[in-house]
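What follows is a set of structures to go through.
In what follows, subunit A forms one complex with subunit B and a second complex with subunit C.
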Partner chain A sequence: MAASKKVITREEWEKKLNDVKIRKEDMNKLVMNFLVTEGFVEAAEKFRKESGTEHIDLATITDRMAVKKAVQSGNVEDAIEKVNDLNPEILDTNPQLYFHLQQQRLIELIRNGKIEEALEFAQEELAPRGEENQSFLEDLERTVALLAFEDVSNCPVGELLDISQRLKTASEVNAAILTSQSHEKDPKLPSLLKMLIWAQNQLDEKAAYPHIKDLSSAKLEDPVI
Partner chain B sequence: MTTPSVETLPSDSILDRLTSSDSEIKLKAIREVKNQIIGNRTKNLSYINLGAVPAVAAALSDSDSATNLIVQAAAALGSFACGVDAGVSAVLEAGAFPHLIRLLSSSEEKVVDAASRSLRMIYQSKLAPKYDFFKQENMQFLLSLLDSENENLTVLGAGIVIHSCETSAEQSILCYAGALEKLTSLLDGSLSQLDASLDSLAAIVKNNPEAGSKFVELDSGRALSSVIELTKDRYPQTKLLACLCLICLLGDSGQVGDEASFAFSRLIAEKEDLQKVAFDANAIDKFHGFLQKHPLKPKRLEGMFLALADLCAKLECCRSSFLSSEVLNLVVDALTHDDASVRTAACICLRSVSRSFKNLNAGRFMNERIVFPLVQLLSDLSTSVQVAALAAISNIVVDFMPHKSTFMQCGGVKELVQLTKAMDSSLRLNAVRALRNMLFLTDKMCKEVIFVELTASSMASLICDPESCVQVQALALVRNFVDGCVYSVEYAFAEDGIILDAVGKQLRKSSKVEIGIQGLYVLSNIASGNEFHKEAVMQLLFPQAENGSQSFFNQFLQSNDNHLRAAAIWVITNLTFPESPGAFGRIVNLRSLGIVSQIKKMFNDSCMDVKLRARIALGQIITFGDG
Partner chain C sequence: MMSVSNCKKKIEDMKNEDLALYFLQQQIGSNDDDSSVDSSVPTELNTINSSGGFAVVSRDKLSVKYTNVNLHGHDVGVIQSNNPAPTNTMIYYFEIFVKDAGAKGHISIGFTSNNFKMRRQPGWEPNSCGYHGDDGLLYCGHAKGEPFGPTYTSGDIVGAGINYAQRLFFFTKNAQLVGTAYKDNTMNPPLFPTIAVHSLNEEVHVNFGQKPFTFDLKEFEAQERMKQQVKIEEIPLPPNLSYGIVRSYLLHYGYEDTLDSFDMASRSTVPPICIAQENGIDEQEITYALNHRKTLRQLIRDGEIDTAFGKLREWYPQIVEDNTSATCFLLHSQKFIELVRVGALEEAVRYGRTELSTFFGLPVFQDLVKDCVALLAYERPLESSVGYLLKDSQREVVADTVNAMILSTNPNMKESKNCLHSYLERLLRQLTACCLERRSLSGDQGEAFQLQRVLSAGKRA
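For the complex of A and B:
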């Protein structure tokens, strides 16, 4: 029932918003948190210089990005070695991540047509993981199924060869490294925007007010009465 | 697990390369082994069997080894020891342990990191050598680890405490040396520092009241409040450790014990997983022990009873353990405690334990020792005590025959009826609920006693109580009254049918689903009686002047609520029971009112229960011909 809602005009709304004070340093920290978590090393370095905002050791971002990039370009073995140099505990204590990296290695072998090597690798490296943990078996079977098809790109498990599978594995490694560095694995900004949308939805039930629809421009839309 | 054969390893002799005099080859080989075994248990065991550990360990003792070689070797040894006891013993046998300790003092940060990580892995195993805290230089070294700026060193220090602090003498010397202060400061650190700190604090204060009070006095109680704060942490592992830390502190005789039990109770409330953890940590036995220490301050007793109540809220294993110990007696004794909050907490505890169906069935709670003081509490001066006592009684009276007489002999019914007339609505609500539960599957004698005491007119006014939650309970109470044989149904017709009128009024007036459901089940029970009873229900549902398709009953049949539709069909099923002489006449009526066609629409209802009920009703209706 729109008729019974309280209406807040643009002027009133902007006046209310003006009363809210946000500290510049907080904004800068949020931006820095975003750049660091997402791995924009150079941007983070520039931003640090220009804004004077503190940051974590940039070398760790560089290492983390190198690992991510290696997975994204299919050099999984290289990525594993880099992770182990960074902190051996990451893969020693995270069997699921370890399995997913080995699975990605198998996928890359199949992509490159190295069928014999792939078979050997599946037997020696992946089969024992499936024995250790039943929950890996399904993924393992799906991956090995790639070997059964002549035209892998058009088979039922073809999506494993998609670039999205690499990205998925890469972001899993990225998150694990962040956690090992006691860093949140997600940036704060998206959560703030989620909260904004949630709060707007709550308020929508009670009032008509200038609403932000387009997050990228954060433009205030006139209230619909 | 099967041990894989050595043949699966690289064919060129890795052992030769590991011990090569060419440091480049050696470095490559060690790094290769490290990358092979990290995360891979099978490979790890293969290399251990092959004898790779002593070869790698040798690199640590060689004074010519370059930094990178030492880092790689230390990391590999850590991975050999990670979660694999065979690896731990191989590393220890190879004599690597003292070298790793020595490397902690290296000036190279990378070396320190790798060595401390490896030592941490070793200290996670029972096979690690016991750390002797009584040697002065050892204690100093440990404190320097905990004081370090390096995160890995602090976590290693905590790991040593977790591994080696077992006896109360060890706990005391750690306290005396100031380990608590240093460990507490790690609570503000990273996630791994936090976990290690909680774990090691628990090791020091466990079953040691002196250490416990020392912890509480730290930083004028700030350390304790951090631990309590951490029970709200979002990482389950941290919560768990904070929980165990609190259990350790419960035995403290100072203020900490008070705080700890309240925090503990907040922590485990509604969380079955944490209740299980607490149970596994022998929380109930611990409480039992603490409760036996006399005299206990009221605040302490209250906190422990509430904690016990939360522990027993869901898990039958907790309740059994509670009942098999002497805790029940201690709680019952507390029903007559001078302090009202203690009396309330004891009642809440009894309510929680008496959720045990098995023990209710065995009549565990229906004895004078428990019931008499509970009934006394019904006239307590404090409303919260009264409400808590009512809630406990509500559970206990579900107890089956023949134990109910105990409750009546103690004067319980009179007290309950008195409270149904209280000004405070929570008292009325809980009193009516207790009576309702008492009437559940009871006998004629019990019903008679309650009816005489409560009276039909009071029941009618409770059905029309200003609070809808009381109305629901009152209707449920009447539903239990008229459940069973024909003599039960007669209760609804006492005092010129004043109860039935009230039910009809509520059904017409109220929009609350729960009221509709309870009201319809009252009618359904009445409709299971004789001809006279059935006709009275017909008359109530479909007065002559009303058009059937607009009747409130038709609205119920079309409700979105599954339970409400099911209840409505139950009434029709009982009204159309084929053996009863008036069934045909009633079916003709129901047809003309459009009720039968409405039920036909429910032949394939989305709710299984409704569908089944509708089919049974239609089956009965069709025995008299279809239209």
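For the complex of A and C:
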């Protein structure tokens, strides 16, 4: 079927690209949406001033970012308190999130060498929750296994101590807060970029035309015929 | 002063070089409301092109009854809708209610093409497709059906639809999806919703959407969209790609304060976001004159056009030396608009006479000149049809033009048209062009891509 593919030259394609109307306003909104959802409070405020693009109440981002930052820097207790200040329902209605936060707290205790405190916390706070839910129990056991190793950096569950575990928990909290505020939890820009890759693949079935392969440089390449 | 004809010629000459004209042309037409609605959707049964004699269509053209005794396969009572199914939506759908299955229940629902043989059941002939009530079979272009779903009879509500996104036909019975059938390349629009009756007293009522459907079409459509979205979301992206694109956008348009905050915040996250610097040359291209660009944008956004002119003369005299250039024109017209805004109408008139009148009668400029002058006619210009000129977005257009012109003075800029579009805009153009081209190569079927819809989608009420 390759023979029947329509070939669109660079010149023709550039003409089509030129005919597309993209409103500046829409691009500004897209950028604002990114800044707000990703929590760039100050940048969002500056962008409002510099571009005249409106945004939602920034106070809610500030609170949300404070929670995220607390988890990212290992202050889980602080984070839990802040989430409850924002809206106690978030953790009440989301046992999995609450468990993951407690698990993170346990990880931080182990990281800081507070073995006794960690054991007490695991038995009193986490074990009862594990009984309610098999997957919680498995997570708990994996976490407690950290205590069994002198050199945790080389143990099979060592990844729990990795920074990525904090980030995972932080992004889970972030998403839950956004959902509770009826905001979207993901910015639109990455979806549009994915849609671009998808749309190019789709059009490949029908035509040979200039692609943008490297999205980061937005460079138009000559059609491969 | 130049004569008009000289000036006209000059404009023609510049057309290829004056980047600023681009912004002017973009603006023309952007205020046109192109919400033309295609009105030719199916609304009733077509009584002209139907197999007259075998069946009777009711007065409201929304039901049909077979009033004969059927004798053979060529006396089917087939009725198409008055208009073909619209192709500019993701999904088209209609329903029938079987009032009476008559003697044999030879009822069918489906889609047929323009030149369908109007004495045959939909599905029996090429370029047609139908779900039959008596055997529950699906017929797609052959007299031989395939097992498909349950039979249907008196009291049932049956629906037929086209899912353009998936290139499928789908059928429903009593609000449940029965199944789908591949819509192959021979089944191209125009396709007509079609129903058929073929034994004594069979009676069918059709609903083209004038009444609510029993099938939850909204939910179905939402699910179909979700399916597609899930597939798209699975596509991996290089890390921090979005950050890089946002950053280059801020650089491109000279939003320097935002950029500084953004950079500072990116550095302080855990872990810091590092944006790939492999395209260092491009980076240089867009950091060029950042502070000047920011200052000028600020001035224009604040309505300080005289000061902006002054700064441009000082920093980039080449941009404003030709008083007939599109950039100068946009700045002059903005100055005029700012005077109107503060109510200095007399001054505006004077300014218009000295600075804008030269542009009258020049094709690329005259629309904007006319609109500017029209501002004077209204007591409350903001509420008039030219009120758009008083909005922030007009200042933004002028600021964007000046920004692009400054970028174009960069001696390292390889291609001047790179000044026009940020990376983000190039990507969005590519996305739109791909979607539109694909749609046009598929016979214009399915929903046309609209960035605005994507942007407003997912907002909760």
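Everything that follows uses one rule, which is that the second predicted complex is superposed on the first by the 221 of 225 C-alpha atoms of A that agree within 3 Å, B and C clash if a C-alpha of one lies under 4 Å from a C-alpha of the other, contacts with A are read in each partner's own complex, and residues count from 1 in each chain.
The rule we apply is simple: a residue touches a chain if its C-beta (ideal position, glycine included) is under 8 Å from a C-beta of that chain, and two chains touch if they have at least 3 such contacts.
Computed from a predicted structure; not experimentally measured.
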Which superposed partner A:E25 touches (first subunit B, second subunit C, both, neither): second
First (subunit B), second (subunit C), both or neither touched by A:I197: second
Touched partner set for A:Y98, first subunit B, second subunit C, both or neither: first
Contacts of A:E132 with subunit B and subunit C, given as first, second, both or neither: first
Partner chain in contact with A:S182 - subunit B first, subunit C second, else both or neither: both
Contacts of A:A148 with subunit B and subunit C, given as first, second, both or neither: neither
Partner chain in contact with A:N84 - subunit B first, subunit C second, else both or neither: first
Greater subunit A contact set [subunit C / subunit B]: C
Overlap of the subunit B and subunit C footprints on subunit A, listed as residue numbers: 182
Residues of subunit A defined as touching subunit C within the complex: 6, 8, 13, 16-17, 20-27, 29-31, 33-35, 40-43, 45-47, 49-52, 69, 72-73, 163, 166-167, 182, 184, 187-200, 202-203, 206-207, 209, 212, 215-218, 220
Interfacial residue positions of subunit C with respect to subunit A in the complex: 26, 29-30, 229, 231-233, 235, 237-238, 241-242, 244-246, 249-250, 253, 255-262, 264-265, 269-271, 276, 279, 282, 294, 297-298, 301, 392-393, 396-397, 400, 422-438, 441-442, 449, 451-452, 454-455, 458-460
Subunit B to subunit A touching residues, read off their complex: 1, 4, 8, 31, 34-35, 38-42, 75, 78-79, 82-83, 117, 190-192
Subunit B-touching residues of subunit A, taken from the complex the two chains share: 80-81, 84, 87-89, 91-95, 98, 124-125, 128, 131-132, 179, 182
